[in-house]
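Both complexes shown next keep subunit A, but they swap its partner, so subunit B is in the first and subunit C is in the second.
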Partner chain A sequence: MSENAPAADAAMPGSVARQPRRASLLRFLMRRHPLALGLVTLFLIAAIFGPWIAPHSMTDTDLGAALQGSSAEHLLGTDPLGRDVLSRLLGSTVVAAEAFLIVVLIGGIFGTLLGLLAGGLGGILDLVVSRVTEVVQGFPTVLVAIVIVALLGPSLVNAMVAVGIAAIPDFARVSRGVAIQLRDREFVQAARGLGASELRILRTEILPGMIGPLVVVASFDGAQAVMWEAALSFLGLGIQPPAPSFGSMLREAQQYLSIQPQLAIVTGVAVTAVILGLNLFGDAISDYFDGDGR
Partner chain B sequence: MLVYVAGRMAGAALTLLCVSALAFFATALAPGNPAAVLLGTMATPERVEAVTRQLGLDRPLPTRFVIWLGETVQGNLGVSNLSHKPVTGLLMDALPVTLELAGLSLLLAVLVAVPTGLILAQKRDRWWSKPAMAVITLGISVPGFWVGLMLIVLFAVTWRILPSGGYVPVSRGLGLNLRSMILPTLSLAIYLAPALIRFVRVTAQSVLKEPFVDTARAKGLGNFRILFRHVAPNTWINTMTFVGLQLGVLISGAIVIEVIFSLPGIGRLGLNAVLNRDYPVVQGVVLVAAVGYVFVNLAIDLAYGLVDPRVRTR
Partner chain C sequence: MQDTGNPSKTTRAAGAATGINRAEFLRLFGGLTLFAATTTVAGGRFAAALAAGAGTLTVGISSDIKTLDPQMSTLDVFRHTIRSTVFESLVFIDPDTLQADPMLAEAWTLSDDGLELTFTLREGVTWHDGSPFTAGDVVFSIKRAKDPEVGSPFSAQLEPVTDVVAVDDRTVKVTLAATTPGILSNLAVVAIVKESNIADIGTAPIGTGPFTFVNWTPGDHIRVERYDSYYRAEQPELAAIEWRIVPDSQARLAGLQDGSLQLLALVEAKDVKQAETFADVQVLTTKPYILYENFNINTKRAPFDDKRVRQALAHAFDREAYTKAVWFGLARPTINPVPEEMETYLPDSSSRYPFDLAKTEALLAEAGFSKDKPLKMEILTIAGFDSLKSMALLLQDNLNRLGHDVTVRDLDVTVWIDRIVTNPDFDITTDNFNTGPEDAASMFNSPNFAPTSNVNQWNPPGYAELLAKAVSENDKEKRIALYRELQELVLDEMPQITVDHLPLFFLATGGVEGLVIGPSGIDDYGQVTVEGS
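== the complex of A and B ==
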């Protein structure tokens, strides 16, 4: 998903596998990147506890109370079917987290594996993987989604598989880069000298060195996943009603922009906050592993 | 240079073949017999079988792919299951709308983003440069289609100065046409620009460290002249590559924006086709978008030589 190419490039740190850490990650984030930490924490709380802390049902309709503004009963108002907007936003966060997981798992597992093998072993495999990555990266995500949904029907998983496939090149590019940087370093040669097989070296010596950069890519691609979940559900290619999702909520909100614009505004602010948090978190982690600070 | 051009062209051809195979097999393997879909629910099994044979659907898949490819190259993409019109005609009607939206948005995004990125690179120590970068990070995080909705709320609902959607063809007047394209173009450009600004800034920052910049400064040239005459040309190649990579974003974004503003472009055509299982149209849309994507990227690769003389001699 080179949809975020500039961000993913920031994932390549100047010096990989920098040991030892100067401060604990949590303290570093609290001191230097409080906004990133705060937004991601909020996202996690909402995604994990959302269904329990939601003040109302996410799907029960009450047409008598449709399209209300904010009130003590409904803090963020109600939607066209009278459902509580705050509760549905919390439900959307759960869906966004599912989207995040699907995309990062697909992209992370396949991409890292490909990049690790290509960069670590080199040769013809590297050539093939690099070429294919180059071609696939940047290919319009919506087209992949359209093909998959045409084949399998619209659903959250199908839409996110498309986004996950688009994320593979990002993970592959970064893990390949790290593997190439590391494969001739002294500690790797030492392991080779001790008779470790190449596959074992990849697993025990090189893979641990790419955790930091991969977390960075996961944050940025996770942010993209949330954005794409919203966009594809907005188009009707993702999650189907009555399940709440940022995208399907915005789709409903669009028809009532002139009557109750608040619906579109709060939903957009919520999804932007999630995406911004993940993007800032990616920047923060990159900063942490890069160590250049400010 | 020749080897480079040949390699790029071979790569483009290979990509096109893969994409067309993908478009074909994804739809050919989809559940449901197209012949049955075409005839409706009242058709007898014998009739369905006859049409299946007539359409060549009983032949092996590889054979069908070769036949389909041959027809496609000749511009015959079949007939829509929904409107029973030729797919090529539907695409030809929709394409100008999408091209106009994508072209205008890209133009606007580049015109705004390149100077902004250059200036942010040079003035990185000013008090406003950090807040400016924060705004850009925020811009990267805002979903483009939500920006579109907010523009509708502002310009069409609150101030009532621009239409909230719909397309006016150029044939009914360029002014009216452009008026209907203002909000869609703005939405898509706002979606594209922040990432481009960020990229130009990073690229320009590394160029600013080059010795020739010091030379220019030593000659007594002003900041503005250094930035736009000496630094900017050295960022073109990277910027073009980035725009090429962003092409997928542009195509995806255009599809979403078309739906929001009810523009009868490729995106809305493809989306309606997917939701109605109109496979010939899905194939056509995927193919057209992929061809556009491949050719623009190829053009960008080949244009390097025009922008940077150093590439030609290499």
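== the complex of A and C ==
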């Protein structure tokens, strides 16, 4: 952080534009955060290739093989309807990744846009956006989710739209903060002096400076999204049967706790690993952009 | 958590020490299954001793009731709660003999032509407000349940009743349109209510039963307390009964283990299976055909108005595998709602419509559905009934494998009732029904088959006449033949797909004694005792 304003750096870590080149992110993660990298890599492999590597159908029932333990045929056993647990866990990972993407896209696009305009342009707009984000933040996510699902019917997209809306303030606040810091910096003033319009300045000078912090927000909110997806489908408000989801699988497993405990343990470990991995990854990214990675 | 080797005597501290019971705790944190998996090995007596000392029975039930009016709710959970304690009927059906026992009526006679039933009412019965119970109350109650403007679901059971009059204060005469062998069974489910209480019955119901209503906190609990002036002086033994609404079956089991619940009403086989590993828990059960599980079909809605579609669905469900896997063999597969124990049972009919997806495909093809033109349908199921949900998922899977487009929707019971009964808007729903007392007359006049008002909205030409003929036939052989004809009709038309017969299961801690689980879902709690163990 050599350029201009160390004070701003302290106030808003990772927010400075035009920093010198860092070490490569991959190498940084391998050296400093191998667990995060490992878990997220597994998550990505499962999410992208899950449908192809699943040994069985995710939805085909086989009552003759219900509630089995691990076997060569079913590596992680079967659920109460005889469906293959490994295949359903892989399917749940795909659903979790979809939840991640929906939430980060909704929160990222709307939140960043609002924050950028509010912070970059200031004035009345800033006041309105700030107050509105505060109001949105005041609503409990699960309440918003239940209302949306009650109105539009339970589905993955409906549940995640609610979580995405709840994520907008996070993105808006961070991008607004960065925009406020950057809007009076020399390189921005230089652009202004050269006659660039405010909107062009927002796009070409300020937006690139907030990528780092936004990635950090995205990884945390994405991890939250995975957890909310599991929580809402546990309550039956998320993706509908027979599609698998961590939440609905946990709910089923819980019903058979003392008959087939393996079901709950395997599913619990899987969902814990995914959420832990994403959170550690968020921490790692945050470290990286904070400067540790240089 | 030390391991004492006895699964029921370990962890207790968590729930008791923090002031929330395990059931609530698990309900709150049900998602943290890993945690639950490691701590659920529980049981013991600390909390049980606290709850039992006062003679209060705390019962776990899976879902809430919808109304306090006993003439308006057919919900199982209602029958086993308010209906079994606050209100009474003229007669009670004994679960062992399946005959009518005296309740509010102490004796009755049937006229020679079988058309006049005269009840002599019990003396010294009072309503919970202290006023005396009289013949006028019976007349009012039966008339109210029959009144189409009231819209009672029990009106079907009273179809044959043409008139009811009070001869004197203790004598009621019921006139029937035709001889009706099942009339006592039907009257056993019609609760006697007080006219002056009707305006308040939704908030402060008054009955003649052994317990008075105290309060109902929707979604949380229902409470009744001993009625001191009950006509059986030695009853009830308990000071109070409190039903806690715990939708999660695992949380209910945990409540039974930690003693915060002493009785679980209407549990599923997997709960029975799990409770078998608990120390000091008894499984209470009834005859094996008290309930049947089924799919109700909206036969008014296309394409389910086509019987080939309904028959195709019947072939698409593997009853044998379902009862083995989901009920652990504790239920008995059948396609005929009439159990083989009834003399009217159509011989060898229970195994018709075997699981055969090729037949399903062929029948659906005849009706115009195929992979290219998939059958689109939504199966509704009631939240908290796990076996019903499994039924829905299995039928969905089998049909979707054939390329159809089936969705499953889990609904809260109050929403479900609206969509099934109040404003019918459904394709198919899972459900369960009482087979009723040992009499086909009662079943065919139930809300599931009564020609005028059944859930399936099914009433083909000739059905009502055939049923009326069967119900009023006094010659036993002829009556049996008519009921078999009815079963042939039902099995051919498939207005509902029956899946299995099963007993009712209750789980109780060791100290609970004296519960009589009634065949039509109305229990006798008068002699229940709870040992302060």
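Just so we're on the same page, the second predicted complex is superposed on the first by the 275 of 294 C-alpha atoms of A that agree within 3 Å, B and C clash if a C-alpha of one lies under 4 Å from a C-alpha of the other, contacts with A are read in each partner's own complex, and residues count from 1 in each chain.
Simple rule for what comes next: a contact is a pair of C-beta atoms (placed from the backbone, for glycine too) under 8 Å apart; a residue touches a chain by one contact, two chains touch by 3 or more.
Keep in mind it's a predicted model, so treat the numbers as computed, not measured.
After overlaying the two complexes on the shared chain, residue contacts for A:164 are found with neither subunit B nor subunit C. Legend: residue contacts after superposition of the two complexes on their common chain; A:135 is shown touching subunit B, with no touch to subunit C. When the two complexes are overlaid on their common chain A, residue A:213 makes contact with neither subunit B nor subunit C. Once the two complexes are laid over each other on the shared chain, residue contacts for A:91 go to neither subunit B nor subunit C.
By the touch criterion defined above, A:147 reaches subunit B but does not reach subunit C. In the superposition on chain A, A:59 makes contact with subunit C only, while subunit B stays out of contact range.
In the superposition on chain A, A:268 makes contact with both subunit B and subunit C. Here subunit B and subunit C are compared by how many residues of subunit A each touches, and B touches more. Applying the stated contact rule after C-alpha superposition, one finds that A:119 touches neither subunit B nor subunit C. By the document's definition of touching, of the two partners only subunit C reaches A:256; subunit B does not.
Touching of subunit A by both subunit B and subunit C, each in its own complex, is seen for residues 154, 230-231, 234, 236, 250, 253-254, 257-258, 261, 264-265, 267-268, 272. Note for the complex: subunit B touches subunit A at residues 11, 14-15, 18, 22-23, 26-27, 29-30, 137-138, 140-146, 149-150, 152-153, 156-157, 164, 195, 198-199, 202, 242, 244-249, 251-252, 255-256, 259-260, 267, 270-271, 273-275, 277, 279, 282, 285-286, 289-290, 293.
Subunit C makes touch with subunit A in their complex at residues 30-34, 36-37, 40, 248-250, 270, 273-274, 277, 318, 321-322, 324-326, 383, 386, 389-390, 392-394, 396-398, 400-401, 407-410.
Residues of subunit A touching subunit B in their complex: 2-7, 131, 135, 137-143, 146-151, 154, 223, 227, 230-231, 234-237, 250, 253-254, 257-258, 261, 264-265, 267-268, 271-272, 275-276, 279-280, 283. For subunit A in complex with subunit C, the touching residues are 59-61, 63-64, 66-67, 80-82, 154, 230-231, 234, 236, 240-242, 247, 250-251, 253-259, 261, 264-265, 267-269, 272.
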